[in-house]
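Each structure below appears as structure tokens.
After this come two complexes, each holding chain A, first together with chain B and then together with chain C.
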Partner chain A sequence: MLEIKPIFNAMRRSKVGAFMLLIQIAITTAIVSNAAFIIYDRLQYLQQETGYPEDEIFHFAVLTFGKDRNLSQQFEETETTLRNLPGVINAAAIQEVPLSGSGSASSFGINPTTEQGREGLEVTAAYTFGDEHAIDTLGVKIIAGRNFEQDEVIVAENNDVMPNVSIVSQSFLDEIYPNGDGLGQTIYLGDMPMTIVGVVDKMKGPWLRASIADNFLIIPFVSADNFQRMVVRTEASQRAAVMRQIEDTLLAEYDKRVIVGLQGLDESKREYNASDILMLRMLVVLITVLVLITALGIFGLTVFNINKRTRQIGTRRALGARKSDIVRYFIVENSMICIAGLLIGSIAAVYMGQALLELYSLPALDHNYVAITAAFVFVVSILSVLIPANRAAKISPSVATRSI
Partner chain B sequence: MLKMKNINKVYQTEKVQTHALRDFSLDVEEGEFIAVTGPSGSGKTTFLNIAGMLEPFTKGQYLLDDVDVGTLSDNQRADLRNQKIGFIFQGFNLIPDLNLYENVEVPLRYRGIKSAERKRRIENCLEKVGLASRAKHLPQQLSGGQQQRVAIARALAGEPRFLLADEPTGNLDSLMARQVMELLEDINREGATIIMVTHDAELARRAPRNIQVVDGQLADFTLYQSRPSGVVTPANVAVEA
Partner chain C sequence: MFIHYLDLSWRSLRRTPLISALMIAAIAVGIGITMTSLSVYHMMSMDPIPHKSDRLFHVQLNTMDEGRTWTTEDNLPYQLTYTDAMNLYNADFPERKTMSMRTGFSVHMNSSEVKPFLEGARATGREFFAMFDLDFVHGASWTENQQINASPVVVINQELNERLFGGENSVGRQIYLDDESYEIIGIVKNWEIHTKYYDLNNGAFNRMEKIFVPFSLVVSKELSSWGNTNGWKFEDVRTFQDHLQSEQFWIQFWAELDTPEEQQIYSDYLRTYLSEQATKGRFERETVQFALRNVNQWLEYNNVVTEDNRVLVGLSFMFLTVCLANILGLMLGKFLRRAPEVGVRRALGASKRQIFAQHLVEVSVLGLLGGLFGIGIAQLGLWGVRQTYSYYSALATMDTYMLLAAPAIAIGACVIAGLYPAWLVCRTTPAIYLKTQ
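Entry: the complex of A and B
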């Protein structure tokens, strides 16, 4: 016996509290389902595969002020010193560190740029210079073609002579040569031709949030400069220990230089994603607070209703209501408000999702999130009503005969 | 029909122990109309609450239709109340958000009676108390006397054999009080047993049997109107120790 009709009639006659709660449940449902979806989306983003074993890799830069060194040779000596450290798997000179938020990008074409511009397909991608150890050091996998040969790496103080090969990410290759015949073909950086000699399955560029995050190239070039960035891969368990001795080891070898920006790749990624992580935490707090407030609202309204209806509850008990009838009464009453709120909230959630999609180009709200949120809010509402309803059931039927 | 033997009720608070009923014994036969009087705080309402199973007693034995109430679970007591007992309260205790029809319906719903049968009974009972035309009204749209008549209709709807009335006319003026009393007398004539707690001596005198509760104990003045002499004599004055 659910008493839906009399409960509904009674609610219609004193509707303010019920209406406020209904609105609160609707707002909670709309906001929580969208926030939960955004959280999920951001988590997917933060946990995405980048292609790199981030916790095995670190990077730093060497700024040389001594004038007595041959800079074209220094990077190789440094690489050798690094490789001799226990725990180090490989080390390479590299111009830009992936995932770090800082790098270079350009458009690459299947034809060279001329004074009239460029004909044919053009694809934007990030790129970095690096030597033949870069692929192994970054821990990425060549799935087709080959690595650079040592003699393909050009070490120079200027850009007069540029390499004629490159290794590209699969994603870039699929875009610039959509027919799947890209390996061995030529691409142009400006008017500079490069043959694609190797393909890496996954290798994210410097900007994870960018639409070109998956388009990344490595070009075999080392700038013989007094500023040289190095990347090192170690056993994961050894990385901290290796990082601690980098400065001492390199300065012991040659001390007219400084080591700057020593950082793990995972940490660089975290810094780049700091705003996303912050947003994620704020959304989690927002959701928690909203759900708590709604739960408290339901709890409060039920307590208020029970206090207001103490005599009524006693009378119902006197007229034959079992304790379970009283608990059921409040659960049914709350469920009716809740279901109405959830219906309105779910519609609002969908509209809100569309607005977010248009205003902030967020991905389209997955409607499962609305359903799951609605179910969750419903369960929370039942739990919130149970405690006061059980208290109500304990009201003695004898209050019915007590004078007011 | 109702047998109470040496019922004791003690209210225990941290510091004070109040003996509301002391070795209270009473037999009520089917079809009786009993008025319970006594000074405030004497234990009248406690007696009524225990008789109606609205609260438990501390010691003693209470048989209602040969059922030992002391052994029943909370649910069994609720069901028994619902089936056998109709309550009429001083403050009417109608549910303000429900209209008259829905108010009378409450005990019938708890009994699980089907909708058509509910409708028949509700209409009958509202008819009997003269308020059939106002079924859709809310309690606050009625006078006190009318509200009490709705409460009586609610008590009657379950067709109880036993009607407990707690100061049913306490909040009514004398005209309305008389009408309510006449209604109760009608109901009694139709066979229901009635126990009515009242302050009103005049009203009490209209009941065939009067009992007085003093200090949680019983003084029974039974007046049989059917006596040929018509003389009102205290037939049985017993203060049970």
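Entry: the complex of A and C
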């Protein structure tokens, strides 16, 4: 019915061309399925929820070099100035900005650390110091417990007095108190005890890529230092306008200081993830062009085959073959090569996935991707053979008779 | 004859414009994609100081209790404690060695013309400049005395000098760092390297510092580290003095060792030093562990070439293979269709070798054209890389080497793809085609 045998015999006479097409399809399948899988993996990572309204938040740091200011009051004044700007919802002093790739981490335990080490459960988490406005400014929601009271926030020039409460992310709480009774319990940073007073459902730490990305704590402390980071939340539409006036407004207030690192939270996140975005874009370009090139290859080869067989096609038409028979001939021929190529390519894709898994820290290839890619390549190959095949079908039977 | 073949190839390309364009496009895209990832790889893996990379050694000491682990493959911390850095620096051997650390200052000129700004700085020994080939345009490094006395002196680079003093010789002038006056004693050239190999703590491709100050200022001015500070045990660190005496790691240390003998001497010295320190009760260790890694080993150890980049280079070469298979198929068709013409040429006396050469010239021309267009595509790709990731902006460029490599790889690849079709066509027996004409 499909005339596979005569087609196969005809193909054997131009082995190399068919073989090259087969190789192309095989490699294309292998690359595209693995690349598509990596792309999907990165997309999931990049689009994950962080818990913050990133487009409403921006941050900067103030470096005071003038020595005539009381630093433990200055951050409060700065906050007030910021809150008075139109469009600003809230502002807070914070030590480390989430999602920015820069932060502090430590292990927290249910027992204090002593000279002999620590007993019992320990969980590693990122943390930041911040004041009582930090929660609202970061736009995260407390689902259990409460925010810091103003008198719980320690403002100090050294760490002789330390805070004794903290607000933690749900994921950290579940890890350190797996029985679900963590709220109100005590955790230790080194030998410093803190009561968990509030829980936030989701707030990511500074390193999205880290295994501890979901473990994050806010500790009510402001170090009265000449380097003070501030975080501000505005209406999303007004953020750019507010950001533009920050430097002038603050320097007008006191000019012996430098404003640095003024940046939106989404921009900081993009910078931290730039290498992933780059990989993503490169792979998208790579597979798009690859599929295109393969399609063009199939197209070109079919055109050649048709040119070579013009007379043969004319003869077949003269002997009574219908146009659809000619089209079918090329489609079947192409499909035979394509299926062989897809089989080899799928096996290669699986092996390549394993190699990538072993050599690099990439996740294991999901075999559905191979199947979907194979189907996709097959459709593309059929489409690219259709145009020249239809042209071949138009060859008039007279060609066969005329040129003899 | 070569010119004639070139002429023939040109004619042949023009006779089948669509197919020629398709082939050139295939090569150009293949080369473009390959060169984009290869250029970044090339820049990343480039030896930053080729003539002495095998003589500069980064020192790592294990001063943790036995059984403590670190994130490195051999459990050695990247940096040293203040105690060790000072002890190694004050030792007699080798002549050139230095500790260094990234810090920073707010900078102003005590005038309203220059708005105060924040700038990273390197606190280091006076040997730093000679060791890392940082040449002086004006002035020189600080003296031994200035170093011991923690004098407020500073070396800046040309770029900063341009910004603050319009590029004139500013040696002897004042600059304010954290609101304190420092005297400029030297101006060094801008550093033309991509990899910040001397300090990989905060990203290998970050900008180099523009300000250099004596390391002794770290103690007198209590300068904090802008790099990493890592502890391995619980220590009650409250004051800066605690920090200096702690077992925290925060200082990088490099030594210049010119001969294998010197390396041996230094290894022996470090071994003795560590066993000696172990007896002082700082840490509990039976086995002495340390490492001296030269620049390239250090880059390798720190995985400076990223995994993603290796994957991309691999994928793009596979991609190039697809493009080659593609043009091989097209070329085969094209050459075979020309068999009658070749038959006539053979009958008129052309040897097989001449036919073969003619076709190889033709594929080389294809390769050259594809390579040239490929450079264009690669530039576009690199532009995209720079736009996406400003951190790579110094890396995502093609140097001369890569510019030459592009057509070379293109021609090489095309010749490989063209071998079989050319061989097939030169085997044409004249008789068959003469008969059918």
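As a convention for this text, the second predicted complex is superposed on the first by the 397 of 404 C-alpha atoms of A that agree within 3 Å, B and C clash if a C-alpha of one lies under 4 Å from a C-alpha of the other, contacts with A are read in each partner's own complex, and residues count from 1 in each chain.
Heads up, the rule we're going with is that a residue touches a chain if its C-beta (ideal position, glycine included) is under 8 Å from a C-beta of that chain, and two chains touch if they have at least 3 such contacts.
Small disclaimer: the values here were computed from a predicted structure and weren't measured.
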item: Partner chain(s) touched by A:Gly139 [first = chain B, second = chain C, both, neither]; value: neither
item: Which superposed partner A:Gly87 touches (first chain B, second chain C, both, neither); value: neither
item: Partner chain(s) touched by A:Ala318 [first = chain B, second = chain C, both, neither]; value: first
item: First, second, both or neither for A:Leu278, with chain B first and chain C second; value: second
item: Contacts of A:Gly264 with chain B and chain C, given as first, second, both or neither; value: neither
item: Chain A residues touched by each partner, larger count belonging to chain B or chain C; value: C
item: First, second, both or neither for A:Leu63, with chain B first and chain C second; value: second
item: Shared chain A contacts, counted only where both chain B and chain C touch the same residue; value: 14
item: Sites on chain C touched by chain A in the complex; value: 19, 22, 25-26, 29-30, 33, 36-37, 106, 108, 116-118, 178-179, 234, 238, 306-308, 310-312, 315-316, 318-319, 321-323, 325-326, 328-330, 332-334, 336-337, 381, 384-385, 388-392, 420, 424
item: In the complex, chain B residues that touch chain A; value: 45, 48-49, 52-55, 74-75, 78-79, 81-83, 87, 89-91, 93, 95-99, 102, 105-107, 109-112, 138, 154, 158, 166
item: Contacting residues of chain A [partner chain C, same complex]; value: 14, 16-17, 20-21, 23-24, 27-28, 30-31, 34-35, 38, 63, 65-67, 113-115, 117, 158-160, 190-191, 256-258, 260, 271, 274-275, 277-279, 281-283, 285-286, 289-290, 293-294, 296-297, 300-301, 303-305, 307-308, 356, 360-362
item: Residue numbers on chain A that touch chain B, as the complex places them; value: 1, 3, 6, 9-11, 13-14, 311-312, 315-325, 396-398, 400-404
